[in-house]
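A, B, C and D are the chain letters, set down in written order, and residue numbers restart from 1 in every chain.
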Amino acid sequence: MQPLRIGFIGMGLMGVPMSLRLHRAGLSVSVWNRSPDKSEPLKEHGVRVCEHLHELISDSDILMTCVTDTGAVRAIVEGPGGIAEHGRDSQVLIDFSSIDPQATREMAEALKIKTGIRWIDAPVSGGVAGAEQGTLAIMAGGDAALIDSMRTVLKPLSQRVTHMGPTGSGQVTKICNQMIVSCNVLVMAEVMALAEKSGVDAKQIPEALKGGFADSIPLQLTGPRMAERDFDPVKWHVKTLLKDLDMANALAKDSASAVPMAGQAAELMRLHATQGSAERDPCTLIEMYSSKGEEA
Amino acid sequence: MQPLRIGFIGMGLMGVPMSLRLHRAGLSVSVWNRSPDKSEPLKEHGVRVCEHLHELISDSDILMTCVTDTGAVRAIVEGPGGIAEHGRDSQVLIDFSSIDPQATREMAEALKIKTGIRWIDAPVSGGVAGAEQGTLAIMAGGDAALIDSMRTVLKPLSQRVTHMGPTGSGQVTKICNQMIVSCNVLVMAEVMALAEKSGVDAKQIPEALKGGFADSIPLQLTGPRMAERDFDPVKWHVKTLLKDLDMANALAKDSASAVPMAGQAAELMRLHATQGSAERDPCTLIEMYSSKGEEA
Amino acid sequence: MQPLRIGFIGMGLMGVPMSLRLHRAGLSVSVWNRSPDKSEPLKEHGVRVCEHLHELISDSDILMTCVTDTGAVRAIVEGPGGIAEHGRDSQVLIDFSSIDPQATREMAEALKIKTGIRWIDAPVSGGVAGAEQGTLAIMAGGDAALIDSMRTVLKPLSQRVTHMGPTGSGQVTKICNQMIVSCNVLVMAEVMALAEKSGVDAKQIPEALKGGFADSIPLQLTGPRMAERDFDPVKWHVKTLLKDLDMANALAKDSASAVPMAGQAAELMRLHATQGSAERDPCTLIEMYSSKGEEA
Amino acid sequence: MQPLRIGFIGMGLMGVPMSLRLHRAGLSVSVWNRSPDKSEPLKEHGVRVCEHLHELISDSDILMTCVTDTGAVRAIVEGPGGIAEHGRDSQVLIDFSSIDPQATREMAEALKIKTGIRWIDAPVSGGVAGAEQGTLAIMAGGDAALIDSMRTVLKPLSQRVTHMGPTGSGQVTKICNQMIVSCNVLVMAEVMALAEKSGVDAKQIPEALKGGFADSIPLQLTGPRMAERDFDPVKWHVKTLLKDLDMANALAKDSASAVPMAGQAAELMRLHATQGSAERDPCTLIEMYSSKGEEA
């Protein structure tokens, strides 16, 4: 039996280390990126770099995508020279991007009808470090048996693949993840400001709560920076968390779910963004709750 | 030099294992409880049980309290036969109870003036298991040098003592801890209901998010129970989280801090409580967000 | 000079009395409706009823539309046989419908380019009674001079035409109106339930607050019904207020405006809707805040 | 039969015109104020001014109070030389002040037991103009027959006396009034900022919505000032609205009522206050929602 050939589309911060890990695990990997220069590092490691997308599609059994947003996935799937044009029904598409669940369901349905290709949505958490170390957590939506059959090729990338339900469920789960994180960061900003105003040495809070019920990775990472008013370099953006919350609220509206905490969080994040902080680090949220002129 | 004699007041779920650990660490421990029967187990282990509170006060160098609420601390400190009457200025009071910070500051101030006793507020996190294993996290408010000098007697109880600021700061920190937890549980209820309505197998969410930015102990403990509608036995109460949130909001009001996330959380928790769930487990919050008749 | 010929499209609850008033004011009026039977009453009053939309378009100087939603306006403007196909650049379109501002701007722009027709968005408040009595309040968006030149034909319909800004501004203003109303109804539900729980005879509240700073038409109309738990007949729907709030929040998101009160209102309205009340009267909101089993 | 003698306590902005109207209506009125100079204007009109509070108490059948807050009422009722000391059981106390309902109930109960005096809480709306013109709206709590028997003496002051329930109900109603007003002002700030950002001439909004479902006195009074950024002179204070909302939320908490809109309003008002606007006019709330640097 011939080994499975993987075609990986999207050589961004995540795609480069992910495809490299697959290559190093002995799998046959081809890659493609819209801007060809991003693929250069792969060449040096002996990975095949395709000049044209249709070429990669033709020569692969499993198509993997990891791009920035819904529009970018749509361009690859439905755009000229893309998967809908050149794919065939023996193929499987695994989309690692974090995109809109409803768009995922619609594109998957249309692609299945047109080409027979089966779609697994598989957004990840764990960041660039997880991609490099192969410790990503994958939240997968799609057919259970199909996802099971992909475990071998997902193994070099991840510590865990969780099947969340039918197509789109992986994307919904990723949104749930972001909802919890964004709400929590807003709560932390309130808590840190309240502690300060109540005479507490807020810098000690993350240490004091470590390992307890209130602890989380964001508390340990952003708590100290909030307390120290240490906002540079910008590690993530207020506008990114706002985008995540807006996506969560759109999903909630579409599924007739009330989400008053996430709704509140979106409004507060937007308030902070409109007060001039859209491009700043979310740690700056503490400024919204500190009285004017008060500093650490 | 004579060894320090500890007097421990309050033989509840926490006080019993805490005083026992101090005794087993070779310290001289006397105990007292308002209802004498609660002290019986200590006798069996050879701990001295005092019949009268004033007796324990007279015979101790360090007074420790661990009782249910502000009123109970006040009764021990300011009530007849209590610490204000029988204490002396060489003593130190360490209060492990979780109570109102402002009441702490006022009682500490008054006790200092009347008797010279110095007060350390030292609420804990880690629960009964932490008390039994000596792995509590202690959030301490009071004089830094005084707290340092107590590290030997706190060592058998805790993995960590964090100095948070002047008297009352420990209590403020404990409220901050509870704020984060209560807000997070409300966010989780929204997230789990949203996931279900969006076609996701919500039972998989805690596993899928494990170890990531959205993870927390409450997610792992209550997430599965929410998804399974597994509300019995009641492990904690909606009314307890509501009380914590109300205390947080009172503190915020007193310190002129806006806390819109915690304010929102209090109202939602109250809404759930008034809809007949005050005595139920907080996992029942998912019911508020599930459409009528919808079940797992 | 020849008198202006008006073509009125949409013979609904508002369109019928509006076109009748224009006719009775001596203006030359033709009408058209997608379902022809709705136009029958007009015939009896001597108004010309067109069989085909293109016929009405050809024979009119001013086109007026009053239909249910954005899709219905789009069908008339951009659909087959519609205004974009048959209109000409001397015409003016006055849209009395309450629809999406952004869609209004886009359709107006496209229609202007294609045909030269100028668009006035002119949503109204005052309901059927206002339409019958000619006392509508018109919130108009578009060119100021053009709106001024239309005052003669708007006169029989309205007590007031307010120019709010460029095209789309009328629709934004209508959304603002709905935001205030929906938020206020939610506040009233809280207030009435709180009054009851505090031992007050809530039925007296609307009377007690009459004419004061807290008074409003909704307080007088819905307050007594809330207090009496008088929910039938259904006079408006929870889902309608929810739709209004969702439109307001979408507008706010698009214009980067934080609207935490309206955001809160949308989530609470959605919560009530998902708890089985979408098709019920908004007066039922008081049930959400009354303890289980409590009644007036 | 001898005419009823009224003793009016509290010669503030409201007390002066109210006692003057009673005097002019032919009633026998004595007045007293803590700072005697405030009573001077009354003397000129021939009203009897008492030097000592106990003197006024002894010589009156009906005691009326109109002072600033709960503490001030308590001082008059329970303080040295006050009503509890010098009152007698044939007397009636009518308190026009806006104070805490629970304190009202407690003081009324204690005073009844001690002296037999019956208490009517009777906060008013209508402001100084209403006091001068005798058009106040009175929200009365207490015994229905007793309140009825007072209609003659309340007639010169008010257009309307509404009986709201047992003692304290008047105060609860006043709080309900303030809740609606404060929430509405916050909604208006959002709406006006949203309208501006959406290209609308916000100055036209109050006029456009006049007489409709969204209209209210605050919209007409503060809407134009918000749109014009006309914040001086300060007509009322952010901190006053915050105090009202905090009182409402305290009442809600005590009666186990969820009030998520008023809770939200309190947090937003507090946020604005802590950002340096406590002493400013509530019209400044629009600044919170306008992007930095944006102006009318």
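In this section, a contact is a pair of C-beta atoms (placed from the backbone, for glycine too) under 8 Å apart; a residue touches a chain by one contact, two chains touch by 3 or more.
Everything numeric here is computed off the predicted structure, so don't read it as measured data.
A.B. asks: To bring chain C onto chain D by a C-alpha fit, how many degrees must it turn, rounded to the nearest 5?
C.D. replies: The C-alpha superposition of chain C onto chain D needs 180 degrees.
A.B. asks: Can you check whether chain A and chain D touch via the same residue numbers (shared by over half) or via different ones?
C.D. replies: same
A.B. asks: Please indicate which chain is farthest from chain A, where distance is taken between mean Cα coordinates of the chains.
C.D. replies: It is D.
A.B. asks: Would you mind telling me which chain pair, A-B or B-C, is linked by more contacting C-beta pairs?
C.D. replies: A-B
A.B. asks: For chain A and chain B, let me know how many angstrom lie between their CA-based centres, rounded off.
C.D. replies: Chain centroid spacing, chain A to chain B, equals 37 Å.
A.B. asks: Where the CA atoms of chain B average out and where those of chain C average out, how many Å apart are those spots?
C.D. replies: 54
A.B. asks: For chain C, give me the residues that contact two or more of the other chains.
C.D. replies: Correct list: 252, 256-260, 264, 268, 271, 274, 289, 291.
A.B. asks: Linking chains that touch, what shape results: line, ring, star, complete or other?
C.D. replies: complete
A.B. asks: Show which residues of chain C lie in contact with chain A when the two form their complex.
C.D. replies: Where chain C meets chain A, its residues are 246, 252-253, 256-260, 263-264, 266-268, 270-271, 273-274.
A.B. asks: In the complex formed with chain B, which residues of chain A make contact?
C.D. replies: The touching residues are 101, 125-126, 137, 139, 141, 159-160, 162-166, 168-169, 172-173, 176-181, 183-184, 186-188, 190-191, 193-195, 197-201, 204-205, 207-219, 248, 251-252, 255-262, 264-265, 268, 289, 291.
A.B. asks: So in the complex, which bits of chain C are touching chain B?
C.D. replies: Answer in residue numbers: 260, 264, 271, 274-276, 288-289, 291-292.
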